[in-house]
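Below are structures written as structure tokens.
Note that chain A is present in both complexes that follow, paired respectively with chain B and with chain C.
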Partner chain A sequence: MSRAALLVLADGRFPAGGHAHSGGAEAAVRAGRITSAADLADFCRGRLQTTGLVAAALAAAAALGHDPAELDAAADARTPSPALRVAARKLGRQLMRAARATWPTAELDTVARAFPKGAHQPVVLGLTARAAGLGPEDAAHCAAYESVSGPATATVRLLGLDPFDATGVLARLAPELDGVVERAVSAARLAAVDGVDALPAASAPLLEIGAEAHAAWPVRLFAS
Partner chain B sequence: MTAVAPNAAAATASAAAATASAAGVRAAARIVARDDGRGGTSLRVLEGEGPLAPRRTRGSGAEAHVLLVGAMSGPLGGDRFAVDARVGSGARLRIGSAAATLALPGQAPGEARYDVRLTVADGGELHWLPEQLISARASDLRVTTRVDLAPTARLVLREEQVLGRAGETPGRLTSRLTVRIGGRAVLDQELCCGPGAPAGWDGPAVLAGHRAVGQLVVVRPEFARTPVAARMLGEGAVLVPLAGPAALVSAVAPDALLLRRLLDEALAALGPATAGEPAPDLR
Partner chain C sequence: MHLDHSHHTTPAPSADAHRPDGRRRALRIGLGGPVGSGKTATVAALCRALREEFSLAVVTNDIYTREDAEFLLREAVLPPERITAVETGACPHTAIRDDISANLEAVEDLEDAVGPLDLVLVESGGDNLTATFSKGLVDAQIFVIDVAGGDDIPRKGGPGVTTADLLVVNKTDLAPYVGSDLGRMAADAKAARGELPVVLQSLRSETGASEVAAWVRARLAAWTA
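Then we have the complex of A and B:
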């Protein structure tokens, strides 16, 4: 594998559309649940351990070569909010476009054809890592990091939070992030034997509820 | 409330039928409902032991009613409870519980487990409406609820978790709910909260200080053609269509009473559970 390929994929400037999404931070800021860097850290920690863990496991499983259709269905079952399912597919389609241009493979073409409306983003992320010659740990790291970097960046814009503080939050989450990746990858390896039920299903009620409230707003800064 | 205190003597006495040991109590309940061929539902199997005693109560119309009566405290640490309910083709069953379930710390080491398996055949209908699960201080309980529905089966399932009795710090509670229709999972969600749960469980992304959290799952074949429209039910609850013929109400509330109110209103808003029947009375 190439370590530089990981940097290309994890780069916030990789043209996959993630910057338009706040990962639930916009709804949480509006509800008054994030008002400071400390709240942001708490929010990110909760997101990392729930949807972040699930996304990392899905990405790792896809990178290991698990059937993308099965993983996509597993992602649907773990995403009760239709607004979040739509957002995940939209992000998956955008990432697929970038991935096919960057690391073209027959496998990406096949999956793109099978999911014209887009597969769930973590599944596409895992397939992209695979196309880039990366492994399940790399895919899981990207997914887990994205689960917190999105809200952190968004909160800088939403609250006028000091960017240094937001980056500090991310840096201090690094050990937990590594732990989540480890759990995600072992679950993904287990899923190769026991099926997708072995993947984590950790949920965050307020992210699901907030996502639907957010989707109903007439005007918003972020798509989700 | 089913449990009062972790009184080992009382627990052992009333658990005569269950297997009690230093490792905790093992108890199982089994319920099998069948269409009786005369427009009603018969209970072919109605078995339980110790803390899990299913009792038939007066049904309504074609529907059989069963109440799980807690005969002892628990689950305590190390206990393993299991409920298996099967509804045959065309049968209609409603299961409730006489009181809330209180997870308590026990003498035995390790977590307690409560595993619920619900299976409904084509044309069958199950209402699984137990009272709240309360996680008391220092308890450690893992719950799994797995529902397997045939493609034309119907379901109303409510689960409510309350983190601690009034003003009490909760124990650790992990609860996974999986609903399959025709073998395909339409819902797979796990909530882990309380001391020892992964960090952030009480933060702004997950529960943010709410002490009651619940889900209501409604499965009706007609949702395949006309799914429910997603909508907010107040600030802490939402009704959403799942990726299949199912609807979910997900809710958080400051306490058990407010949570129940939210879920009752949501079910009423979904309309009668069966065409031509009045809206169900949720106890």
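Then we have the complex of A and C:
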């Protein structure tokens, strides 16, 4: 694997549309659940252990070569909120565009044709990692990190939170994030034998409910 | 992998002048500029001037979601299915320059839904003087400032003022009321831009956006030639 390719894919400036999404942080800020760096840490920990774990496992499975259509259906089954499904497919479509321009492969072209309106973002992320010559651990690390870095930067914009504090939150979550990646990759390897039911299905009801409410707001800064 | 080959069979992005089926895609013109300078009003005027001659669509980039798109819908300058809003996550310049994916998707969806299109106008959210469009998103860009924002803006320059394909100085009817010197603005713009064109307009006058519309027509003629 190329460590530098991993940095390119994990870079927050990789142009795949993520900057317009808050990962549920905007809804949580409005509801008063995030008001400080300490709240942000709690929010990110919850998101990492639920959405983050599921996304990391889907990405790892895709990077291992699991059937993308099956993984996409598994992602749907693990995403009760229609608004979050829409957001995940939008982001998947945007990532697919960036991936095909950055690491063009026949496999990406095939999946893009099969999902013209986008597959779930973590599945596309795993395929992108594969196209970049990266492995399941790399894909899972990217997915897990994105699950918390998005809310952290969004909170800096929404609350004027000190950016050093927000980055400190991410740094202190790093060991936990490594643990989530380990579980995600084990589950993905198991899914290669036992099928997608072996993938984790941890859910965060407040994120799902918050996303539905957020999608109905007439005025908001972030798309989700 | 063939990272050193820029050509591959199904081009994913962006600046490619053709649709996947080989047809020439619509010309894409960006309109940027500071908050309140009259971007949306100019877009509305352009739609009214050009909609009988060309197949048009508009993408808006609002800071707070759909405000500009809703203005265009209320004004009924185009049928609603020809107007799309992109949400920009508090960073309008990112969505038109650094990460254009959501805008490219909006343009493609419009072509799929109501195409073939001749022209797509992409309006940025109100931003600062440094906000410019990526060449991967638009083929030409118009920067809109206004006399009430201060007559020193052309002299201050910045990428929008100096490099946009067309600079529009809007609301000239307000100049006497805000103490702006139109002659000075035009001279400063000329000094900053060299041969690049400048239009001074008032949308409340008889001529409205006709000069800008003529410039767009010329662009379209060159695009389809």
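Just so it is clear, the second predicted complex is superposed on the first by the 224 of 224 C-alpha atoms of A that agree within 3 Å, B and C clash if a C-alpha of one lies under 4 Å from a C-alpha of the other, contacts with A are read in each partner's own complex, and residues count from 1 in each chain.
Keep this in mind: a residue touches a chain if its C-beta (ideal position, glycine included) is under 8 Å from a C-beta of that chain, and two chains touch if they have at least 3 such contacts.
What you see is a predicted model, and the numbers here were worked out from it, not measured in a lab.
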| item | value |
| --- | --- |
| Touched partner set for A:A98, first chain B, second chain C, both or neither | second |
| Which superposed partner A:S149 touches (first chain B, second chain C, both, neither) | neither |
| Which of chain B and chain C A:P80 touches, first, second, both or neither | first |
| First, second, both or neither for A:Q49, with chain B first and chain C second | first |
| Chain A partner contacts - residues on chain B that touch it in the complex | 176, 178, 184-192, 198-201, 203-208, 210, 213, 230-232, 235-238, 240-243, 248, 250-252 |
| List of chain C residues in touch with chain A within their complex | 1-3, 8-10, 12-14, 63-66, 86-91, 94-95, 98-102, 104-105 |
| Chain A to chain C touching residues, read off their complex | 13, 15-22, 90, 93-101, 103-105, 109, 112-113, 131, 133, 154, 157-158, 218-223 |
| Complex contact set, residues of chain A against chain B | 24, 28, 31, 33-34, 39, 42-50, 53, 73-74, 76-78, 80-83, 85, 176, 196-197, 200-209, 212-213, 215-216 |
